[in-house]
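One chain, chain A, links the two complexes that follow: it is found with chain B in the first and with chain C in the second.
The block that comes next holds the complex of A and B.
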């Protein structure tokens, strides 16, 4: 019943908006605003046919590879930096500075250093995505409860056991908040990396359609990106509710 | 009053060794432990010179006025804090950090249990660290859960349990490692009176069943007399053992019967008196700046 209700909430507004869109564009007056019907046709034709293998797969593969690298690297470095106080105070100001630099500005540099290829694109996404994960991990690791730490010491937790059963779970809520941010950043950078000097990808294809004034096709690229964003968010929620189920319960029991 | 051992700064060697000859089964030996904090360039002496021996099977309560450095002392004994001078010896081994064979039950049960693990997981973790086999871990967890009466809660998460039950889990976790000495730091200060009475009886039961050696820190005079076989009254900071009292109540304690015994009232009055002396006697409570 509850699931049905939340599904209804999820669907109602989009359905209304699509109806409104259909209604206002039914005479097809504006060339730049496609009608729902043709847009769906364009979507199916462009992205579910050859475009799926040529553009969608490379884009998504690069995005996921970059996210995996960012998360792995961000957590590892974050644990190291967060665990050692002097390293943390030494690096923190610099990390904040590096983070503040918009990663898109690195594109020209990466093009020069790495060239036009997948490595460059993945590197760009990693350079943007790693910061939220890294900085949140540092914060999470550095702020582990003192009693939890003392308990760990009393019962002899050390090394990998300590990491697995104390440090990572204790920092997990923060780490997940970081990963959430990096997902959004990652999608933006994925598209951006394909809009400059690229030969494939959703961003590349969409720009291409715009140049060719293929209006419904161009819009269909935007829809696809939205859908990918939603899919990533759903996937994230599923993983999060599995890993952080205890945290949700703890928060609710504290109310 | 004749059986009261007043041990003000037992520092003279012959006396100490004389006693050790009589009792060979010393589990924990705290010898002239001193702790001085450095804070903003000033030093503060929390514990001055604390000496006490805990024998196998003894249940000793440490009472003192609030701010008497009880927690500091306990952390020094547990190896969580390094004393400025003096030594702590557990089973003949110098304590230089958290020692194997020492278990601690903290006051903050909500933070001491790991909320990401089930009750079972929490109890099992120290056993994993000790590299016990799966079967042995299982047996220990079963035994510990049974002795605190929480068999049904093994798959629950700590935050699904009441405060009293959470503290039982913490006790079970400590019992499961079969510690030489169990340290308890005001474990029942945060639970309601009824739960507290239940937990007190539970600790007595566990102590007897497992033949444990317990050092129980509390600020509650009644609790110390009810629980302990021995009560050590601490002075105000900088702390020394001001009074050492044997609790000669029957081993079988009962919340109603024991607490209404004339002897209980007498003993409580004695401890109360000593705590009052500790509170008013501020001679030692000075900031030491020339160290």
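The block that comes next holds the complex of A and C.
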């Protein structure tokens, strides 16, 4: 009964909204809003055939490569900067400034320095995504509980063991908050870079449809980007609940 | 649970381990920080003059910095800043106001909260930039195009924080309000709002940064007038020194936005334990 109830809660509003959409567009009155049927047709036709290999795969590959680089680089640099106080003081103002530059504005620069290719897009996404991870790691590492630090010292933890069992777990909640922000930023930059200058990718294809006033095709690109966003968010939550399960449990029991 | 444990998107999973740090002579960090910036400028200068990249594409700071300051004397530079900030301010205000109203209404009802959960979780991760084609098609290079994108992105950011905040109302306080027979508005004012405010301010601070990124992004792609459009123009016209100086300006703008939002957050939460530094 309870399961049925939560299922109802899950599906009723989406179904209502789709019904409303279908109902208001059934005579095709609004030029800008496609009907559900043609939209689904366009989606299948555009993205599941040729488009999958030509646009979806390059986009997603670039995004994931860049995210992997950002996370690895962000955490390692963050641990380094966070553990050494004078390095932190030396670099913090600099990092705060670089981070404050709206990341979309770097696109023309990279276009100039690197040109229109995959390296430019991956670099751009890394330049945007690394900051939340890096700065949160710095914050997390710098604010490890004093008792934990002392306990670690008493047990003689040092080097990699200390990193693995003390520093990373203690900073993990902060790091994950950073990664979550990075995912959203990464998707934004992937799309923007492809819309601004590209020869392939979902963003490129979508803005192309807009220029050709191919309305259902354009909307299908937006739907695809939405689905990717949702998929990434779900994936993140699964990973987070695995890695951070102990922490959430701790919080629950402390309530 | 203490309300001081809120920050960023991971509101429910956020540690705040306050460890009083012994201040190593107050001047130390400032000097080091200044050294860091100097070091960066020096590296940039050397990289540009000796490095592998053509200095035409990466002009040294000795050219960019003077241009950066010269910009301050041009009217159209300030006009571009004003245009960007106007879109930022209107978009942010509309998004925050609507998110607070919707969030409080949904958050106050268990039924609404559960019924809207799946829809919100689906609409939220959709990147707002995906809507740029729609905005461009509907409005062209106009202010509304920018607003559509900014409002869409910021609305969800703030809404989720508001929902967290409303959910965090203390049970005893809630029961007390019931016993005192407060009506809906009284409960919103005295019960929900104080619990909500820290979460809301976090959401607003994040949204302020996102709004600026998107304002510039839309200007870049759609060509709405503003700082982003000026950068795109400088790039097309091969005015690279100008382009870099404008990017510096955008960084300063970003820091200003961040700084102002942090101050507002601290001022509006002066009574809150996370600001007063008390332990919960």
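Brief remarks follow.
Keep this in mind: the second predicted complex is superposed on the first by the 244 of 255 C-alpha atoms of A that agree within 3 Å, B and C clash if a C-alpha of one lies under 4 Å from a C-alpha of the other, contacts with A are read in each partner's own complex, and residues count from 1 in each chain.
We adopt the following convention: a residue touches a chain if its C-beta (ideal position, glycine included) is under 8 Å from a C-beta of that chain, and two chains touch if they have at least 3 such contacts.
Keep in mind that this is a model prediction, so the values were computed, not measured.
In the superposition on chain A, A:160 contacts neither chain B nor chain C. Of the two partner chains placed by superposition, only chain B is touched by A:169; chain C is not. Shared-chain residue A:4: touches no atom of chain B or chain C. Of the two partner chains, chain B is the only one touched by A:246; chain C is not.
By the touch criterion defined above, A:85 lies against chain C but remains apart from chain B after alignment on the C-alpha atoms of chain A.
In the superposition on chain A, A:145 makes contact with both chain B and chain C.
Once the two complexes are laid over each other on the shared chain, residue contacts for A:210 go to chain C alone; chain B is not touched. When the two complexes are overlaid on their common chain A, residue A:107 makes contact with chain C while staying clear of chain B.
Set against each other, chain B and chain C touch different numbers of residues in chain A, with C touching more. Residues common to the contacts of chain A with chain B and with chain C across the two structures: 145, 247, 254. Listing the residues of chain A that touch chain C in their complex gives 6, 9-14, 17, 32, 85-86, 89-94, 96-109, 111-113, 143-146, 173-174, 176-177, 180-181, 184, 187-188, 191-192, 195-196, 203, 206-207, 209-210, 213, 215, 218-219, 221-222, 225-226, 229-230, 232-233, 244, 247-248, 251, 254-255. By the touch criterion stated above, chain C contacts chain A in their complex at residues 1, 7-10, 12-15, 17-19, 24, 28-29, 32-37, 39-40, 53, 57-58, 114-119, 121-134, 136-138, 212-217, 220-221, 227-228, 231-232, 234-235, 240, 243-244, 246-247, 250-255, 257-258. Interface residues of chain A, counted against chain B in their complex, comprise 145, 147-148, 150-151, 153-158, 161, 165-166, 169-170, 172, 246-247, 249-250, 253-254. By the touch criterion stated above, chain B contacts chain A in their complex at residues 75, 78-80, 97-98, 100, 102-104, 106, 108, 111-117, 125-126, 128-130, 157, 159-160, 173, 177.
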